[in-house]
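Quick one: this structure, given as structure tokens, is what I'll be asking you about.
Lettered A, B, C, D, E and F in written order, each chain numbered from 1.
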Amino acid sequence: MLHIIFLFSLLFSSSHASVLDFCVADLMGPIGPAGYSCKKPAKVTADDFVFSGLGIAGNTSNLIKAAVTPAFDAQFPGVNGLGISMARLDLAADGVIPLHTHPGASEVLVVVQGSICAGFISSANTVYFKSLKTGDIMTFPQGLLHFQLNSGGSPALAFVSFSSANPGLQILDFALFANDFPSELIEKTTFLDDAQVKKLKAVLGGTG
Amino acid sequence: MLHIIFLFSLLFSSSHASVLDFCVADLMGPIGPAGYSCKKPAKVTADDFVFSGLGIAGNTSNLIKAAVTPAFDAQFPGVNGLGISMARLDLAADGVIPLHTHPGASEVLVVVQGSICAGFISSANTVYFKSLKTGDIMTFPQGLLHFQLNSGGSPALAFVSFSSANPGLQILDFALFANDFPSELIEKTTFLDDAQVKKLKAVLGGTG
Amino acid sequence: MLHIIFLFSLLFSSSHASVLDFCVADLMGPIGPAGYSCKKPAKVTADDFVFSGLGIAGNTSNLIKAAVTPAFDAQFPGVNGLGISMARLDLAADGVIPLHTHPGASEVLVVVQGSICAGFISSANTVYFKSLKTGDIMTFPQGLLHFQLNSGGSPALAFVSFSSANPGLQILDFALFANDFPSELIEKTTFLDDAQVKKLKAVLGGTG
Amino acid sequence: MLHIIFLFSLLFSSSHASVLDFCVADLMGPIGPAGYSCKKPAKVTADDFVFSGLGIAGNTSNLIKAAVTPAFDAQFPGVNGLGISMARLDLAADGVIPLHTHPGASEVLVVVQGSICAGFISSANTVYFKSLKTGDIMTFPQGLLHFQLNSGGSPALAFVSFSSANPGLQILDFALFANDFPSELIEKTTFLDDAQVKKLKAVLGGTG
Amino acid sequence: MLHIIFLFSLLFSSSHASVLDFCVADLMGPIGPAGYSCKKPAKVTADDFVFSGLGIAGNTSNLIKAAVTPAFDAQFPGVNGLGISMARLDLAADGVIPLHTHPGASEVLVVVQGSICAGFISSANTVYFKSLKTGDIMTFPQGLLHFQLNSGGSPALAFVSFSSANPGLQILDFALFANDFPSELIEKTTFLDDAQVKKLKAVLGGTG
Amino acid sequence: MLHIIFLFSLLFSSSHASVLDFCVADLMGPIGPAGYSCKKPAKVTADDFVFSGLGIAGNTSNLIKAAVTPAFDAQFPGVNGLGISMARLDLAADGVIPLHTHPGASEVLVVVQGSICAGFISSANTVYFKSLKTGDIMTFPQGLLHFQLNSGGSPALAFVSFSSANPGLQILDFALFANDFPSELIEKTTFLDDAQVKKLKAVLGGTG
């Protein structure tokens, strides 16, 4: 028996930290193109692989009557390097997650409560959308514009998963109107009217 | 205006079928290492990206008091090639999803109803497990043995997502005892007793 | 010497078609998530790796005073499976390539003639833009909204390369206004005014 | 001639450390999802790409009459980032490498001495096994349970290669019985009898 | 018990062919960038994962006194899509595997008999080479020129593994002198003398 | 409105540095297999994504009458992790870029001025070459020997792009003759004559 344990030790008790089956993010370490540095395996516990932040309803008392709560690698270090992550969508009545993209990931959504109208637009400019009831799932291919809105009269809840630990999130209105993107450039590159641009900049806090 | 439409046509109306943003599985076409062949884009509709099969509770009137309902590429052609898929877990009181692996994917689970004790074992033979309450999420790194069991007195429901459209599913007991794996080989490669092997083969329908 | 030739034959003259160093697209064959089927190696010639379509200036007599000429896998079968492709940008005076994304690729642009103001917006809603002169190159990370516009008084020419043989191209205005995306949904998911939406639909041929 | 050398210098003698063709592991540096940090190129020598540890027979004087000697990135820093690694299998008469998985890699085995019965089990619970003689090779797809046992009367030797520098190694018995995995959980998730679990825990040093 | 079998059936007995854990090459089917089409799972047997062709010594009665026997996907369909393959190197006394590259894979070599001097050249033009004895392993990073030669007085045998099922093999002398590459182009692009080029073309069967 | 801004803050103003859409190289930080460490997002500006070094003609007053100016990650930190990079080729009359490979990337070339004869050699030893005129593009599959030479009487200019931020560059003559690769080893592994090897070593500064 000692021999088997000896074999076991030989295989796994190297003096060097080992690149193991997972790489829980060390949020304070250097970051590379593949993600965060790994927390030392000896300090990893079960808690690193569990995240409770999606158990709390997001605050939907806002203009869009909706909230997105991410569990990406920056919030949930356990998914670093695993090619997967999640987020929670809360949509009050009439709530909407505005048109947005995830630059680095495909998405799948499951409706847990209420009903949601969701859709995306392809490179061929075809719009694919459908009203989803509780239990339905829908997939959104990588990098395409998509949206979700509450299509029932009561609050809706969905969980979305991504094919990346760091899918990114580019909300169209925020990208255009919630920063210092010069209005002249916005207008030239979107053909939106000046009044429209300025109106939305005022709502979303944009300047320039 | 005609000119813009002309540009538009030039870009997207090629006479050749285009490799586009998605590749909805043509389940009848040839399969390659990266997945199924793509359905012709012209025949793709919003329905291809929606799956309702996870809206129905699995039948838990069985020995494990649990059910796994997959939405992998073979069931949900819309995820083919997207690097993501889902499944639904139903666990009646005392239900258990036995130890299993997904050979080609990492997983993230969200508890939607009830409470679930879930865990996995690393290459270093460390066991990471925790009791999850509704809204908690947990991640299971690629290829490692893991399990889920109902840790409350009432039915539990969870959705799991995978970092592959075809994660695979190898349930340990089925892999060992639900086929024609010769008992002698099982015993030599697992150190299980002959009586134990034969008992479980009888339950799970194994031969040899 | 015969022996060396024998070795040579042994290695390379298999009776089976070989999966070789390249996979020139057979545009008529089945398509999979990784790209088109491969043309038989025996039928491949040097011409398959050369494309002359980018040598011709695009027609910029249109509303945007610009043209994009793609050399993606559908146009240039030689890049199928190689993870690279190109396009040509022609911008007449005041020409603009409107805000767009490539869902599946990063891009690098080189200015060959004239000067171009180019920029992109990150997930953090920061706008990065700069005026580029002839010989400058700029990179646009995968999946992010970006634009190019002529910032000189004379025609500009640029070549762009992509980290995919099939980068996709989603032009924001076309995605919103050049299809049957219902105006009500557009307005709810973008906060654009109804008048604005209808005006641009009229220009771009959108319905609904 | 000086000019050519000048060109040469220009290309390769940058003042910044360059990300080059290889990334020999700096076992003391930070680790990320893609592997160890790279040793500075100037300190890399031919010895970094050579490993002699597989030239020594593993000690098979143990219960399984077998030994696995890994040359993964932690032991053989030269393979870091290259997507390949090796191990040596020594099997005395009646030796066995128990059922195990490599969570992150496919494997190919070559029998160098003796004969070995090897097999794996698929997600469809099909068992594929065969007796291999010297010179035979066998492949084991990623993440699936597999085993090797000496099927001759004399010592056997094999080398195995992996499609990852860090394939991981999860030996079923060690994962179940050589740690603090609570017996109750093991029994619930494997259907093994309590006596069986306790017996193997005693042999392998498990607690709980 | 019937219930468990029912669950089992539900999961695995779909009427559609499933994209499973492996994709044994159907050498007659279409080929894509990711490899050959998959043989139908129902027709796959253990023999598909075993290859005996490397058990036979290659014929070294040739100019290079050496032989390479590949077990790539075209010869060994079981590795298709798995990201791994092998080859056997036989080197008689004074045998040499001339300078060559594998365009799409890193390599690891294990010396099984005799001693071999092996080396590679980096992008920085550094030569890394070493004499290897039986049991030593050496790695060759992807795409770099490398060689192996018998450095003992007796026959040597090695097995090499690759990080691709289709690593490719470009032997420098064959690439230059065993085809119709015009001598003038060779000379201009290599600076070799005309006499040298013509001499080696004569040996290797080149024309032009 | 404050509520929307609150949502916005919640999503993007985490106290932890975020793994974002890009990873501009911090050339002083640790390097891993996937590339350089990322510069802190707060310090990134538009200038990081622009490179002007390709706007300057390379010095072609050398033996090859040509120059390669790279914009790889080490020169152009903005492409780090993006899977793309560029280089500029200047060819004076009779200039030539000698046979070379990029170990880790496919390439596409666009002729911007003059005419260029370019070609590559496959693993099957087939030579594919063609004379390209201004505006033509050609692709060179990963890892294969290829060359470019001025086929007109006037200076030629081309830009090449790569499917990697760090494609590597191995020029055959430099790999063989511009280092300390022992002549005896060169001759044994290339069959070149001793006089030829020594002549080129003298030109290129090689020793040994």
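As a convention for this text, a residue touches a chain if its C-beta (ideal position, glycine included) is under 8 Å from a C-beta of that chain, and two chains touch if they have at least 3 such contacts.
By chain, with names taken from UniProt: A, B, C, D, E, F = Germin-like protein.
Treat the numbers as computed from the prediction; the structure is a model and nothing was measured.
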Set of chains adjacent to chain B (Germin-like protein) and to chain C (Germin-like protein): A, E
Chain A (Germin-like protein) to chain E (Germin-like protein), fewest steps along touching chains: 2
Intersection of contact partners for chain B (Germin-like protein) and chain D (Germin-like protein): A, E
Superposition rotation for chain C (Germin-like protein) onto chain E (Germin-like protein), Cα-based, multiple of 5°: 120
Interface composition of copies chain A (Germin-like protein) and chain B (Germin-like protein): same or different, split at half: same
Approximate Å spacing (C-alpha centroids) for the pair chain D (Germin-like protein), chain F (Germin-like protein): 34
CA centroid of chain E (Germin-like protein) to CA centroid of chain F (Germin-like protein), Å: 26
Between chain E (Germin-like protein) and chain D (Germin-like protein), distance of the C-alpha-averaged centres to the nearest whole Å: 21
Residue list for chain A (Germin-like protein), restricted to those that touch at least two other chains: 8, 18, 20-21, 30, 32-36, 103-104, 119, 122-123, 125, 129, 141-144, 168-169, 174, 178, 203
Arrangement of touching chains [line / ring / star / complete / other]: other
Touching chain combinations (by label order): A-B, A-C, A-D, A-F, B-C, B-D, B-E, C-E, C-F, D-E, D-F, E-F
Chain E (Germin-like protein) to chain C (Germin-like protein) touching residues, read off their complex: 27, 30-36, 59, 61-64, 67-70, 73-75, 103-104, 165-166, 168-169, 174, 178, 203-205
Residues of chain F (Germin-like protein) touching chain C (Germin-like protein) in the complex: 8, 12, 18, 20-22, 41, 44-47, 49-52, 54-56, 71, 76, 78-79, 82-86, 106-108, 110, 112, 119-120, 122-125, 128-130, 132-144, 159, 161-163
For the chain A (Germin-like protein) and chain C (Germin-like protein) complex, residues of the former touching the latter: 96-99, 101-104, 117, 119, 121-123, 125-127, 129, 141-145, 147, 149, 168-170, 172-176, 178-181, 185, 188-193, 196, 199-200, 203
Sites on chain A (Germin-like protein) touched by chain D (Germin-like protein) in the complex: 1, 3-8, 10-11, 14, 16-21, 23, 26, 29-30, 32-38, 80-81
